[in-house]
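Each structure below appears as structure tokens.
In the two complexes below, chain A is the common chain; its partner is chain B in one and chain C in the other.
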Partner chain A sequence: MDFNILMYFVFGMVAIAGGLVLLFAKHPIKGAMGLLVSMLALAGLYAILQAHSIAVFQVIIYAGAIMVLIIYFLMLLDIKSEDYLKSYAKLVWTGGPILLLLAIFFIYKLYTVFKGQPGALSDMSTVVDPMTVPESFGGIKEFSTALLTKYMFAFEFVSTLLFAAIVAVISIVQLDWRGRKND
Partner chain B sequence: MESTFLGINTVHFWTYLFLAGVIFLFMFMMGAVMSWSERKQSAQLQDRLGANRAAIPLPFGKKLAVLGFINNLADALKCLVKENFKPQTENKVIYNLAIFFAFIPAVLSVAVVPFAGVIKPAELFQAWYLKWVPWLPEYFAANLPDFSFRLQVANLNVGLLFIFAVGGINVFGAILAGWSSNNKFSMMGGMRSAAQMISYEVSMGLALLGIIFIYQNVDIWNLVQGQSELAWGWLPKWGIFLQPLAFFLFLAAAVAENKRMPFDLPEAESEIIAGYFTEYSGFKMLLFMFAEFIEIVFVAIMVTTLFFGGYSVPWLMADGFHFPWGATLALSHASVVLLQVFSFISKVFFFCWLLQQIRWSLPRFRYDQLMHLGWKILLPLAILNLVITVIIVALGGF
Partner chain C sequence: MNEISFNPTFLMGEISLIALIVILTLVEAFQRPIFAFFGTTDTRELDARNRQASRLASIGLMFVAVNYYIFGRATAGEEIILLHNSLKAGGGMYIGKLALMGAGILTVLMSSRYTLSQQIPAMDYYLLLCFSLLGALTLIAAENFLMIFLSLEMMSIPIYALVGLKRLSPRSGESAIKYLLLGGFSSGFLLLGISFLYGTTGSLVVSDVIGRLTFSTMDAASFLSGLGLIFVFIGLAFKVSMVPFHAWTPDVYEGAGTPITAFMSVAVKLAAFAVILKIFAGMDSFGEFDSVIGVIFMFFSLITVIYGNSVALVQKNVKRMLAYSSIAHAGYMGLALAPMAHKIQTVQAVLFYGIGYIAMNMLAFGVLVYLTHKDHYCETLDDLKGIARKAPGAAAMMTIAMFSLAGLPPAVGFVGKVQIFIQLLEGKMYVTAVIALLFSLVALYFYINVIVVMYMREPEKEIKEIGKQSLLPVWLSLALSVLVVILLGLIPSPLLQWSLKWAEVLF
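Entry: the complex of A and B
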């Protein structure tokens, strides 16, 4: 068995397991750890699919920055109080029908994409074969060029959104221009 | 000859597995050397003798102390047989997981650092001083005449970013250890370390952006290649000559990331016992300490690679020395490779010494001083350095 395909399935399973831990863990920090493992496994999947830049940015931004902040704030909260320990996992079942629809949609999509190729779905090597992409694929140069030309508008739009969120937070906590709290 | 193992070329597989093992062992040995120098160098600075008592008894009343190196073995043995203290915490899994988050990133990030240039085994074993393995040169010359590899475990074109990614995961070690220990001191240590590491990561990244701009690369291999070129025909294009300010900013930020002395608030022993690893005992505590020592070595490796030309020796090309005054000195492939490895390791040793010297010379900052230095001094200076670099690069300098 090809090493890439083996690791593809391993990372996929780990990502799903991390997601399940996030949903079903009683303790918020354990849930956050599940999310972290899921993020790292996703980075592994990107790396196997030759998208090295996206894999590294996945780890830097999601695991290294966002998850650190999430865990930091979870630690500052008083998670011994009852409210935080309430399990929200049973809400998952109400989402069941939506999940089913999504699953059907993805299977249909996979079917239509690979219908034309002989033996495609039984032979995963056509899906994750690194030889099917050009040598430069996923490199930092290609990634940056695509980000700053094709996806420039989306990129700038998201940064505007983040800026709006910062302004909103400052206006909610009502700081004056010196950074002091207004009463 | 194209045999494969799990879809990977067999020769490549074993070469890189061997290389990974050698570099892993190198980091471990350097960690051991650092824990020795932590004792001996501090002793020299404080006019003491340092650890010299632990020794292996030899016949005729002699003792084997090896300048206190045996103390390391005694320490490891002591930590192995000590009581494995378990604090009362409901998060046993996270308590144990935290050690791995601290330890694995420390040894993982060295994977993208080149230790020497391209190696051609068929040519390497031709040298007279490597002939003691009789069948090796014949094997490579007969079977793999064109086989060559870089002395670098992972050749990633996002190498520098990989180091930042792995360093970002490192933060979790301290946070989770501090939180899961169920101890107020540990918790404070974890909080302090998270705040400190996030603050200094910003200026560290900005300081390195200048290097990325000048050499137009984030691939560490190409960064070292760029630094081995010459400016005006005689000055090696090392980072320290082109980015002197960035060097000092990076060194300060890296020591802070490493949580060493002037910045060791997360484990300030006079305030919060041992900070985030207060509740760890025996071998678990040893692993935290060892991770810290390996990180010192890694900081030295980063400084060497990014600012001091990595493995490159001034004026040494693939076929020997080409001095700027016109003289040349032809060297065999094996000599060039050995010189490069020696150059890299001696630079790393020098910076390990320097970092230890800094650690034992400076007193600890206050917390407000730490934040002031990080956000109000290092960050503006890093941005200034970046702006100047961008202007010079845009005007066509370098």
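Entry: the complex of A and C
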């Protein structure tokens, strides 16, 4: 088996395992660690798919910055309440089987479809085959060229969106909560 | 090749709106903060600042709309795709953007009274409203899925905060959290759907994606892209609050400030519907999947109509009643999509209905804002009892709004509903049409009930004087919307032609 394909399965399994840990962990910090593992495995998947810049961003932004934020908030909130953990466990045990059924249906459907047509996706002329992309694909140069030409408007629009989000957060945070009456 | 095609006149509305946002931000930035952390608030200073902010925002937004009305007029002749398939502009998009700006102006006008009575920090409020309006404007113009997602977030994120800004009520914070969590969830669905569509077609541009989808046989690509379409539909159906993605609507509409509820129920709904139409009605290559999509629309829309109208029957709270009524109206708009044969007229009917709905719903909520003041929060049927004696003008306006919402002539709601039913009948969907008609008769009960309560019931407690705080802008907004409701009801043809033009742009 090709090394890339082997690593693809390894990273995929690790990502799923991380997700399961996140779902079933009793303690929030353990869940956060599961999420971290899942994110790092995803970065590995991106790297295998030739998207090197995205892999780097995944590690820096998600596994780095956002994870720190999540753990920081877990620390601030300090969730210890037994009731909360119990009600969460109830949620998982009721919602979990439904999700599992959906997942089994999805996988079965994909399996039957792909069994009928091996290589169905790469046969479609419009889909980019990861094995045939140019050498420079996914590099920082290609990435930034696309970002600043083809997607320039979206890029600028995101900055406006971030500004809107900042205004939204500040307007909520500055409220004088002590002035609240009950209605 | 890398030349950036850009013609500013086509984006005059968005550019002047961004200029207004910058001005508002700068004005706020050079004032000292109203709320000292852990300190008490000086209400008199808050009131003065709110008055100033309201004046600035309403004049500014009117200026933006007039600016677009004058400069955009020249662009209505041709369609153009701007900035590497990011936005489409020109053509009939003109009327859509003007309608959304109109919704924004009406909201700002009625907010000037509401922010005073509820002590909401007004400058933040108007800034967020302008951001949300900007998102709605780019959403209807978005040409690729990336811009659709970004504009949808631009439209929603300020609204999450706006819902929570009503500082005198804890319910407002609760509904903001509910809306934020469910909204994030639906955005996740939308993104997943977009990524499936991108994966199977290799493009983000809506027209390319639609052109490349093939549903001739049930192969892997069809399965994945069908799943993608369903997820995209879920993400958008959440925003227009179609059953079964409606659960947030009553709580959020009730908890949010009344002008915000009005804005959410019209502008967000119209913009999201424009996107649904762009994706789902613009398809020619459904193949045998075509009828399936039609059935899906018929099923969900019919359930939405039935659910919205029947639950609205038992509501004691007018805002909650209007929330369920807005669910039902989303159902009517969706119903027109069920017969896929008459495409362009179908889209025209939905767009006409959406624009008319802006005027009538703004009128209904405007009356509630008019009757709300510092000591009296008007939102239940009991609050409206016998109000006709104290405020005959407002009661008359409410009557017109209820007539229009119920779909009675001579208001715009009648013309809109007739258009929808014509589409259903031409599509030979007689059973659906009859059921929808029956449930609009059911709806008649709770709309007329409001009128009965206002005119024929004795008030339980003495009605306090209607406060005099900035009544002029509210009157202006009521007058504008009542004018639109009646005029469009009597002379619908210009708007019908414009909506046809808009429908042509969406394809």
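Everything that follows uses one rule, which is that the second predicted complex is superposed on the first by the 125 of 183 C-alpha atoms of A that agree within 3 Å, B and C clash if a C-alpha of one lies under 4 Å from a C-alpha of the other, contacts with A are read in each partner's own complex, and residues count from 1 in each chain.
One rule holds for everything that comes next: a contact is a pair of C-beta atoms (placed from the backbone, for glycine too) under 8 Å apart; a residue touches a chain by one contact, two chains touch by 3 or more.
Not measured: the values here are computed from a predicted model.
One of chain B and chain C touches more residues of chain A, and that partner is C.
Applying the stated contact rule after C-alpha superposition, one finds that A:Ala51 touches neither chain B nor chain C. Of the two partner chains, chain B is the only one touched by A:Val59; chain C is not.
After overlaying the two complexes on the shared chain, residue contacts for A:Lys109 are found with chain C alone; chain B is out of touch.
By the touch criterion defined above, A:Leu22 reaches neither chain B nor chain C.
Of the two partner chains, chain C is the only one that A:Thr160 touches; chain B does not reach it. Look at A:Leu42: by the touch rule set out above, it reaches neither chain B nor chain C. Of the two partner chains, chain C is the only one touched by A:Ile170; chain B is not.
Overlap of the chain B and chain C contact sets on chain A: empty, with no shared residue. Touching chain A in their complex are the following residues of chain B: 6-8, 90-91, 93-94, 97, 156-158, 161-162, 164-169, 171-172, 175-176, 179, 187, 190-191, 194, 198, 218-219.
Listed in rising order, the residues of chain A touching chain B in the complex are 1-6, 27, 29-30, 33, 36, 40, 43, 52-53, 56-57, 59-60, 63-65, 67-68, 71-72, 75, 139-140. Across the complex, chain C is touched by residues 109-110, 113-114, 116-117, 120-121, 124, 126-128, 149-154, 157-158, 160-161, 164-165, 167-172, 174-183 of chain A. By the touch criterion given at the top, residues 2, 4, 18, 25, 33-35, 37-41, 82-84, 86-87, 119, 121, 124-125, 127-128, 131, 134-135, 138, 146-147, 150-151, 153-154, 157-158, 160-161, 164-165, 167-171, 176, 199-203, 212, 218-221, 223, 377 of chain C touch chain A in their complex.
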